[in-house]
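Okay, so chain A shows up in both of these, paired with chain B first and chain C after.
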Partner chain A sequence: MIGGFSAIAKRELKCYFSTPLAYVILFVFLVFASFLSFKGQFFEIRQADLRIFFDYLPILFIFLVPAIGMRLWAEERKTGTIELLFSLPVTVRGAVLGKFAAAWLFIGLALVFTFPLIVTVNYLGDPDNYVIAAGYAGAFLLAGCYLAVSIFASSLTRNQVIGFIVSVLLCSIFAFADYPSILNVLSTFLPLRAVEIVQNMSFIEHFESMRRGVIEFSDLAYDFILIAGWLAATTVVLDGRREA
Partner chain B sequence: MRDSFKRFLAISFVLIIAVCAITIADTVGRTLRADLTHEKLYTLSEGTKDIIRAVNQPVTLKLYYARTAALKGPEFLRKYNNYYLYVRDLLREYERLSGGLIRLDVIDPRPDTDEEMDAVRYGLQRYAIGEESFFFGLAVVTEFGQERALPFLTPNRQELIEYEVSSAIYSSTTRTKKRVGILSGPDILGVQMSDYLRKMLEMQGKVPPEPWRLANQLRSLYEIVAIPKDAETIEGIDILLVIHPKALPDPEKTFFAIDQYVMNGGKLIAFVDPYCVVDTVNSIDRSSDMNRLLAVWGCEMKSNAFAADRRYALTIEKKQGESGEVFLPLMGIGPEGMNTEDIITAKAREVRFLFAGGLKVAPPQGVKAETLIATSEKGNYLELNPTDFGMGQIPDGEVFLKRFIEGSEPIVLACKLTGRFASAFPEGLKFKENKGNTKNSSEEIRKGLTEAREETTVIVFSDVDMVNDFVAFQESLFGLYPSADNISILMNAIENLTGSRALMNARSKGKFSRPFTVLDAIEKEAEEKTARQVAAVEGEIARYEVELNKMQGSVTEENAVVLQREVLSKKRELEGNLLAAKRQLRDLNREKRLKIESIVMKLKLINMTVAPSIILFLAGLIYISRFRKRRRFRRMAS
Partner chain C sequence: MIVLDRVRKAFGPIVAVDDISFSVKKGEVLGFIGPNGAGKTTTMRILASLIRPDSGKASINGHDVTTASLDARRFLGYMPENTPLYGEMTVMSFLFFLCEVRGVQREERQKEIDRVVQICSLQDVYYQTIETLSKGFRKRVGLAQTLVGDPPVLILDEPTDGLDPNQKQDVRTAIRVMAPDKAIIVSTHILEELESLCTRSIVINRGKIVFDASPLELKEQGEGRIEDSFANLTRGDR
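Here is the complex of A and B:
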């Protein structure tokens, strides 16, 4: 196993449940997730699926995930425990992966707690539960992408608020990369192929298929490569700090 | 400084590799996918695969999507962007499975370019967005010069896209088209002419009949043969459609021709109707039937009555902005009313009927009858009362609601008869032959086959409006689109009887809709429960209104003073009654609404509170256990 991965992951996960912040984040996320779904005419459309919930999820993640990810490295740097951490037999890669895995699992738990919506659609109609399962898998991967970006932003600064703002900004760019208004601005100075590449980088576009119940290799590859890329970048940043 | 630069380089390098890898994975791995939807909505059907396998010449699919224009357009075009990606991927599947014979060209037609001219020439629809033109259509072009176009692709028709593409490929690559004969009372084939000529004629006050949309759809797939209403023999076609057989110069002669066509093994689909709303032939008697033939073959339509079923009744808007009313004659029969074992109706989600008749099915020996579409057990007949239709006006829905009594068995609206039929003209037909003038006319008996040569199939629908634009299509921002599966099941039936099953399998793709059945059932149940009360209260309201009008009319200048006090008190009483009755009606409607609202509120509350409460509870538990631990620790320490 990568040096210290499981130890770090366990410690982080434990840490989540010992601070009130995690409960507040979970509480706010769950209230907003159902509130936005109902505001989005979940009952008026009368379709036994979670389309509306999944519609709002990428927007909700823009705030939820950076809130979880902001403290991961910024806090360690601010309190100076980062030096202590790296003095232990732990590799930077192991620490990055461990923290990422713990935070990802925590977001997974937040998604699990949205189960009343699944129960509701199953009570009210006959939903395609495979599509719902694919949607949740897509949402989990989407959260992973947001988290990888947030961890990178957190590693750049010792101030959690700055980390939060930077990651919200980066996540927004990736989430809305396929919006016509953004693409329109880009198309004024970029060739169409480059605009297409930007559009292809959009989190939401790659979530779209899974939300519909289609699992595409390209979407899975996108999610995993993106996560790996941002985590590698985080490792590079932290490696530099360790050497310094 | 050097270190930070190195780090910056390393991060940039990592991210560039990630972007490249994603782009490569996106290009290479597009075809690797798993469709988890129950109906395999995103996987090409077996029918489409058969059509692709049968393609024997190079075909180019030109997908026109004005991507640049879409980027400059309003936000709602985002759904077109997503839909474009779906269509593009679907077409790539066609390309992949064709072994090189089908090629996909994705074109972004910019203004004033050859591509834009081509798109217009193929007949694709153009919408202006500022200085740009928005196109989203498909042209199928074969090496032999055959062209088919889907003028505009809209996400509303996502479930039909595969069928439409397959159908365009099929019709452009199949050289021998099936011949479909059409014998109809109203002119459904219309007069085909250019828009310019049509406008010219309209300016001269001559309005040439426009073809029904059904006719245009049939034309794109089949060779249409118009069968004259006085045909003596019908032959040379693969299938015969008889639609609203009325205003026939000599009905016996025409029916004899149809009878002999079926005796010779011909396949027949008939549409008859007790009241055809779109009848342009005769506005007073709008009925048509073929009982002369069908009674012998095993299914007869009940005359002067139409089928109604509260369960499937649709709501129509009386006036714009007003709330709708339940209109019993308009039914949207759902999957429960379809025969799921017959491929024609197996996957239909809704078929709409307007003043449909009921078929009494009693097959003779040797004929197999199969119900294709029927009402629920609570369906019943309603008399077609001529006084309801004064001046050709269709009465309000409440007129029918008041009279409707639930039945106890389903009413058949469409059935399929298969077997060796006996002729309805066993003695032949007496022909009157005119030799120059009426005096010299002589009678001749023409004998025909008394029994069918071979087994054949006859399908009967008890409604004509169902295939007219009025019922089968509805308006949208981008033109007409099917309101239900009416045309789709007719196409299924034609293909089922003429043998091109591949296209039928392509059509029978699943649908997206998964309604909240529990809420629908509660609504229906509440409606059924209060229907009688509502009808009674509505009757009372109508009675009070009539009485009130009568009383006001009876007051003249002479008796005004004498009657004034009496009239005024009676008027007040009636107005009071009227208000009370209206209040009662409102209460009944509110009761219905409240039931749904209370369920919705409960579910909203459960959803918004259950999970957060669990979180709070867990947080509380952990806090308490920590607090206890800390206290114990302090105690031990002290």
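Here is the complex of A and C:
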């Protein structure tokens, strides 16, 4: 496998569970996910679906995903283990992909743990489980986009808090890029074409169709290109350290 | 096994390494000494592919550190300054991780780890997490890390720094045991270490090599005192 990918991915994944971090994040995520879903008229709308849950997920991810991604490079830089890591026969790309894969899997696991919601709607009614599955797939991809942004922010600094704040900021910009209020402001000085591009860059815009059960090639391509782009940028940042 | 040919590296206006050339053969333990900021760590980091030189060539086991860095690193065990380690891992899982990264075959891994643990006397802390270890043990884990996969070249940046006299002795003994089969560079501030450990010494000052011969000759130059010789070489131009 490329330059230490699997060894690094395994190490990172183990690392999540050998510190309290993973459990704290899982706990907080599940508490908020369930609380927001059930508080947010889950019963009142009298529909057997997970619409409310998927409504809140993009917002929840803005904080959850950077919390998972912030340490990935910032910690290595702070403790100096990045020197150790890159003196080993691993490539920068292998290391970036390994860390990304581990963190993404971890978020996947967090999503798996929301299964009581699926059980609940299936118990109470007769939901379209295909739509729910598509929603989860969309949520997983959405998390991947957030994570790729966070891992990039983390590579810029040795301070995890700065990494976190920068990722939350970048994720918010990408998440809310299609909000009318933002687009209105942009349209005052940008040409219409540019405003459309910004609108199409929105994470949530692409998540919307998947959560309705429509899986389109263009949405998948958007997610994967975005992830690949941010990871490539991370590789460039880390590679640049050698020139310093 | 280790070759540097007219290597130069500057950070802005400061020239950290200025046209340095030397080579280290198998069986040699090269003591790399010099005042703080002389360019020791920069030279070692260039050899570990962590920074690229501005000009000149450096290679490990015939592989250029810039153009074939991945191959060069396969033959290198590098211990960075201050021994950074993954604190949350146990010694065991850290060494297994290194086996995997360095391509030790799955069935060989336990044997390889036993060998390294034996050399560095880590039996007592094998199952402990690294962040709970004392400084002496951390240094030994740092040394053990360089030995996994038995690379023929070792570059150790101040391996005995901050240890008590007994711990220093243990680390030196471990290095001495491996010395005949490897090319080793050890940077140090401790002049006595040169005599007890190294077969050759290079004194570096302001990025340039100012002395390259055996520790004995260095001692003779200072009329029996390495300290005097070191002071003459590194203070002369101030």
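To be clear about the criterion, the second predicted complex is superposed on the first by the 241 of 244 C-alpha atoms of A that agree within 3 Å, B and C clash if a C-alpha of one lies under 4 Å from a C-alpha of the other, contacts with A are read in each partner's own complex, and residues count from 1 in each chain.
In the analysis below, a residue touches a chain if its C-beta (ideal position, glycine included) is under 8 Å from a C-beta of that chain, and two chains touch if they have at least 3 such contacts.
Only a predicted model underlies this, so the values are computations on that prediction, with no experimental measurement involved.
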Three-chain arrangement built on chain A, chain B and chain C clash or fit: fit
First (chain B), second (chain C), both or neither touched by A:Ala232: first
Partner chain(s) touched by A:Val131 [first = chain B, second = chain C, both, neither]: first
Which superposed partner A:Phe35 touches (first chain B, second chain C, both, neither): first
Partner with the higher number of touched chain A residues, chain C or chain B: B
Arrangement angle, chain B at one end, chain C at the other, chain A at the vertex (C-alpha, nearest 10°): 170
Which of chain B and chain C A:Thr19 touches, first, second, both or neither: second
First, second, both or neither for A:Ser172, with chain B first and chain C second: neither
First, second, both or neither for A:Asn159, with chain B first and chain C second: neither
Closest approach of chain C to chain B (Cα atoms, Å): 5
Chain B/chain C common contact set on chain A: 18, 243-244
Residue numbers on chain C that touch chain A, as the complex places them: 11, 45, 48-52, 70, 73-74, 76, 78, 80, 82, 84-89, 93, 97-98, 100-103, 129, 145
Footprint of chain A on chain B - complex, ascending: 3-4, 6-7, 10-11, 14-15, 17-19, 21-23, 25-26, 28-30, 32-38, 41-42, 67-68, 70-75, 77-78, 81-82, 85, 108, 513-520, 600, 603-604, 606-608, 610-612, 614-616, 618-619, 622
Residue ranges of chain A in contact with chain B within the complex: 17-18, 20, 23, 26-27, 30-31, 34-35, 37-38, 43, 46-49, 113-117, 120, 123-128, 130-131, 133-134, 178-181, 183-184, 187, 192, 195, 197, 200-201, 205, 208-209, 212-218, 221-222, 225-226, 228-230, 232-233, 236-237, 240, 243-244
Chain A residues touching chain C - in the complex, by the definition given at the top: 3-4, 6-8, 10-11, 14-15, 18-19, 79-84, 86-91, 241-244
